[in-house]
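Input: structures, listed below.
The two complexes that follow have chain A in common; it is paired with chain B in the first and with chain C in the second.
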Partner chain A sequence: MSRNAGSDVRAGYLFIAPAIIGFTVFVAYPLVRSFYLALTKYNGLTDPVFVGLANFRRLFTVDPAFWPSLRATGYLVVLYVPLSLAIGLALAMFCNQRFAGVRIVRTLAYLPVVLPAVATITLWKFILDPQVGLLNTVLEKLHLPTSTWLQSPTMSMPSIVLVMLWGVGGTMIIFLAALQAVPTELYEAARVDGAGPYAVFFRITMPMISPIMLLQVILQTTAALQTFNQPKILTGGGPGFSTNVLMLSIYNNGFSNLGRIPQLGYASAQVWVLFILIIAVIALTAKFSSLWTYSDNTPD
Partner chain B sequence: MTTLPTDPAETVAAPALTAAGEEPAHPPSRPPGSTGKRPLRTTAWYATALFVCAVMIVPLLWMITIGLKSRNAVFELPPRLLPHEFSWRNFIDGPQAIHFPRLLLNSTIITALSVLGGVMTAMMAGYALARLRFPGRKLWFYLFVGSMLLPGVVGLIPLFQLYKSIGWYDTWLPLIVPAFFGGNPLFIFLARQYFLAIPYSIDEAAKIDGAGHLRIFVSVMLPLTRPAWITMAILAFQASWNDFLNPLVYLYSADKWPLSVGMAQFVSPFAGQTPNWSYYMATNLLYMLPPLILFFAAQRYFIQGLGSLGSTTQK
Partner chain C sequence: MNRIIGTTLACAGLLTATAACGGSDSGGESDGPVTVTVMTWESPETNTAIKKALEGFKDDNIKVELVDTPSGGYGDKLASLTQAKKLPDLFWCGNDTEQQYTSQGLLVDWSKRLDSGDGELKADKFVGSAMENWKTGDGQMGGLPSLMNTYGVWYNADAFKAAGIAEPKGGWSWDEMYAAAGKLAGKNGAKYGLVADQLTSLDGPFTMSMYSVSAGGAPFTDNVNRPTKAEIDGKFTEGVEKLAAAIKSGAVAPPGYDASNVPALFSGGKVPMMFGGQWLAAGFQTDKPKIKYGFAPFPQVQTPTTLYDSVGICTPQYTKNEDASYKVLEYINTKVWDAVLPASPVAPPAYTPAQESYFSALTKAGQNTVVDTVKADLAAEKTVGVRFTTQWASQVGDLTTAMYQPILNGKKPVSDLQGYVGKINELIKSQG
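Right, the complex of A and B next:
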């Protein structure tokens, strides 16, 4: 360890200076500023005018699109997060076995994650086409019921979740790393004791990966709450308000160039609703985590 | 669940340090049906594997076949899985329809600069946080880590306002400059983890030889932390190449767009027009190609980088 204190301090601040400036300008300042903007009427051209809580009042009582957008966001989270975690974990456990070709499965499962979102989402837009899309074609061949997918008010959100789930390899890879970190001796000991697969899963695997599970619940939920690309490209929020998630609503109020006046103050209020939801999720998950996570290590 | 024989904090953290240069640890479980006693189980196993592969690969193959079909063949009913004649021209005419070379150049410049800036400043910050003692170092570390949980959307509108007021709207600067200021806190965190694992005797030796911090950082630390910054460079490449929301918000002029925005415009139905799907899929393939090549070339870094991420976050 360095004893050369003076030069350490100078060099330390020199090396960390860009990150500190970045944190101040691109993280701390916008955080404070966005709270102020949420309390203003601001169109991006003239100066913001302070209006107090008027934006929030309008959101919760006047705006006909706000409650539907909250509902759509909630529906997306409730549908996507558990499925993504369950499939991701199942896939990780499958890929954690030793069999010929396991690397190919692992690679292919992760492949969609590296592809650009716009590229894969538009590809799925065509796959979900009711007439000439691949999905209906295959379902017809198998004599299974088809759907109009994105154009149906009831199937539009499940379709979006389906597209998101194609990227489940991202969840898988994190779980895979967690599974590989579980000491082999535990499994050997369980085998010697004659534990069945269910006992092994619930008494060894789950407790050992529970910290990662906790992290994944938080990350996946916060990411799902901020879903933008899929509804923007696949449905534009429709049909009706069925896929008009909060992020899309924020974008449309603040930035859409459909000839409307941007309402940046109003959009900021929506951002804060979203932000508070995210904080609530993190707080709740962390609060209840002690019920189901196994942990020996105290945070440092 | 009463007593577990080993301390998970230790055993779980260990792979993070070893993962750097070697293959991931061997999976612990037995091969399915390894004794040959259960052929049925083996069959089920491979059926599952096949199904997973098919779900992942078939959409991509489907995209390629559409890219090879003529415009009318795409709308044939019932749809054919394979084109009966190959329209290779889609790969020339499709890209031309959206000025692909221009968008490609834009994407390349934006991505190259943000990778350079993001990796460089994160490595510098990681070095300072892990190996130099200065007041406030812990505080900054916690602030950086904390900002990982902060949703990006909170900054969207104030930053838009800021960039607009200093004349950066409709330029590439909002997409590039933040990277040069430690743009991704995850990278700072990763860099610090790697730097912590390097023995201190190495830089003490360099110091005795008279090297300054800059010299140690460039000639000693950067070669030692190669897996770390390669991982970051790959992730930064992906993030920038795939980013859609930011360029959509900050860039107005079509000639400044990166590929992501250009490709999305390609299929946005305006004036009731049906997008030319065969052109689109051919072009889409070209857009996917760089990340695809990178993925296969740097596969072990992808798996390792994210793998070590998974285990270091438990520390």
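Right, the complex of A and C next:
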């Protein structure tokens, strides 16, 4: 190795050092530490006491909140992910047209993503108030049935999903970029061949954007599994356990408010369950992606 | 390279030195006055009054500093300060915080200092139930109670008059309350006649205990700090049946009803009756609701029964100013309330000689029903605790959500109450 090559290697290490240090300090160490804490009884104040798998046993066999939390999380994913993808894609296709004011429409669709999340969610809390909220007031004026929304065990999660969909502009932007990358000659050829809009959508658009769709499925599912702000601000997890998603449950156990001593060991066990769940969902999605995604990297 | 390493080490050294010199230290200089820091969860208005009142504390060796904190995020602030070991010398704390922190050895034990009788504060001048509840199993007191929370039923007198119902007053029955709620429901934009969050939330079983105890039955638990058992007897079950029926009929708001906005809705005439604490009187005094309102004691079956609950002031075990902190604590409990409560009558002091200013402020403001109810509560023959103060209380909360609230909602039979209490007893047993 020449003197210059050695110097380049050192410079290379120096340049990537911040990333390595950042990963070690903020990802690798917390990961290992949280796994250790998951095996202990730890309140953050006194030394952790090793309890083996007791936290996991309590989670799966004793804690009356755990299975409902999993159910609530699953319900949220099943409801939110397809809706966000469908609405995001529909918006993107609409914004991909050429018409006067398209830029304004794109800006308006993306605007909720730019607004502070807490402010938007708090605003929705007022909108969804069953007695003085805007939504029920409008429904009453239209002689349509109203609901108690966030205070109803059946409507609380759909209401939260409704609020989450307010930020679908982020999904739209990525789909819009994907749509604009589809070669126009494909559409022109289809038009010449007399293909209708449905055939164009399912035989050209969808296959061509399917890799981005896969990315979106993974991103949206991961985001949905980690939902926290909306249930924390809107419902606090209630009524009952209907919106007590895993992240909220972890927060309540790990950083419990009202001056209660936190259960950081137990919360760490919950974190690991969530972590494994996310890895499993991503792995399954990736495994079956070849069934519905198009790739032109296939060998000749 | 050597130059880079040298510069880095020099910077690190400089930073370390800066941190060492600039660190927060409430102990003050060795030859100057010590600073005692105080943190409250009060509103900005009440904090302003407290700050002004603290200026009256005169001691050349002690400086008092009120720490700014957002009242809404007090729980989170307290948790982070606790873990960072940077709690102020005196901080507002609930009974459960005091019990849990004391059991972890985090707080200064004031019991001996109080028992010695040397200071201005005398143990026998505090409200008895508050003192009893602030003591841990081994007699420690990680803080002193400061203000009493009393509870009752706020009612819209105009709505009662319009519906032709007699206003609630001491000695009224649970049946009368539910009947009134039934008549008031659905009138003038009010969906429910009564919003009783204390009865339907996670603390609901403790509040329901008032029914059974008033009827001569058993309380939900024998001790909120050191429970040996939870119990649901026939009288308790009777109370639950009546509440579930009232919820089913639409007279009472069900579990899950968002109570955070209820005082505002009450002020606007949209909630005719609500369970609530005396502290709402301070807000009503400022905001002046358009309705004519009153505050009544909880209903009873036979004997007047109410909830006991007090908040207080705690000191971390690692304070550098134990003596100074106690002097300021004495000043707050004996003098500060006299200056603060007339402007913001949030609660009666737990130290009885300081209660007069609270009651006279309310009387002057014409809040006579509040005065009567708070006095009746403080003198109630029987009292029950508001919630477990134990470290595993949150697990009981989960059981309540899973098993008790569905019974109130009619989704599970009342007979499931025994299964619910059985689970809690298993928990008590497993926690020793």
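In this section, the second predicted complex is superposed on the first by the 293 of 300 C-alpha atoms of A that agree within 3 Å, B and C clash if a C-alpha of one lies under 4 Å from a C-alpha of the other, contacts with A are read in each partner's own complex, and residues count from 1 in each chain.
Convention: a residue touches a chain if its C-beta (ideal position, glycine included) is under 8 Å from a C-beta of that chain, and two chains touch if they have at least 3 such contacts.
The model shown is predicted, which means the values in this text are computed figures rather than measured ones.
By the touch criterion defined above, A:Pro231 lies against neither chain B nor chain C after alignment on the C-alpha atoms of chain A. In the superposed model, A:Gly44 makes contact with both chain B and chain C.
In the superposition on chain A, no contact is made by A:Gly88 with either chain B or chain C.
In the superposed pair of complexes, A:Gly167 makes contact with neither chain B nor chain C.
For chain A, the partner touching the most residues, choosing from chain B and chain C, is B.
In the overlay built on the shared chain, the residue A:Gln151 is in contact with chain C alone; chain B does not reach it. In the superposition on chain A, A:Ile20 makes contact with chain B only, while chain C stays out of contact range. Of the two partner chains, chain C is the only one that A:Pro64 touches; chain B does not reach it.
Overlaid on A, the two complexes show chain B and chain C touching the same residues of chain A, namely 44, 131-132, 255, 257. Partner chain B is touched in their complex by these residues of chain A: 1-2, 4-5, 7-9, 11-16, 18-23, 25-27, 29-31, 33-34, 37, 42, 44, 91, 94, 96-99, 101-102, 104-112, 114-120, 122-127, 131-134, 137, 140, 166, 169, 173-187, 189, 203, 207-208, 211-212, 215, 218, 222, 225-226, 228-229, 232-233, 247, 250-251, 254-255, 257, 264, 267-268, 271, 274-275, 278, 282, 294-297, 300. Contact residues on chain C toward chain A in their complex (touch as defined above): 75-76, 78-79, 82-83, 93-94, 96-97, 100-101, 104, 106, 189, 191, 254-258, 261, 265, 270, 391, 393-395, 398-399, 401-403, 405-406, 423.
Against chain C, the residues of chain A that register as touching in their complex are 43-46, 63-65, 68, 129-132, 148, 150-153, 156, 235, 238-242, 252-253, 255-263.
For chain B in complex with chain A, the residues that touch the partner chain are 1, 4-9, 11-12, 14-15, 24-32, 45-46, 48-49, 52-53, 55-60, 62-63, 66, 74-79, 81, 121-122, 124-125, 127-129, 131-135, 137, 140, 143-144, 147, 149-162, 164, 178, 180-183, 185, 188, 200, 203-204, 207, 212-214, 217, 238, 241-242, 244-245, 248-249, 252, 259-261, 263-264, 266-267, 277, 280-281, 284, 287-288, 291-292, 294-295, 299, 302-303, 306-311, 313-315.
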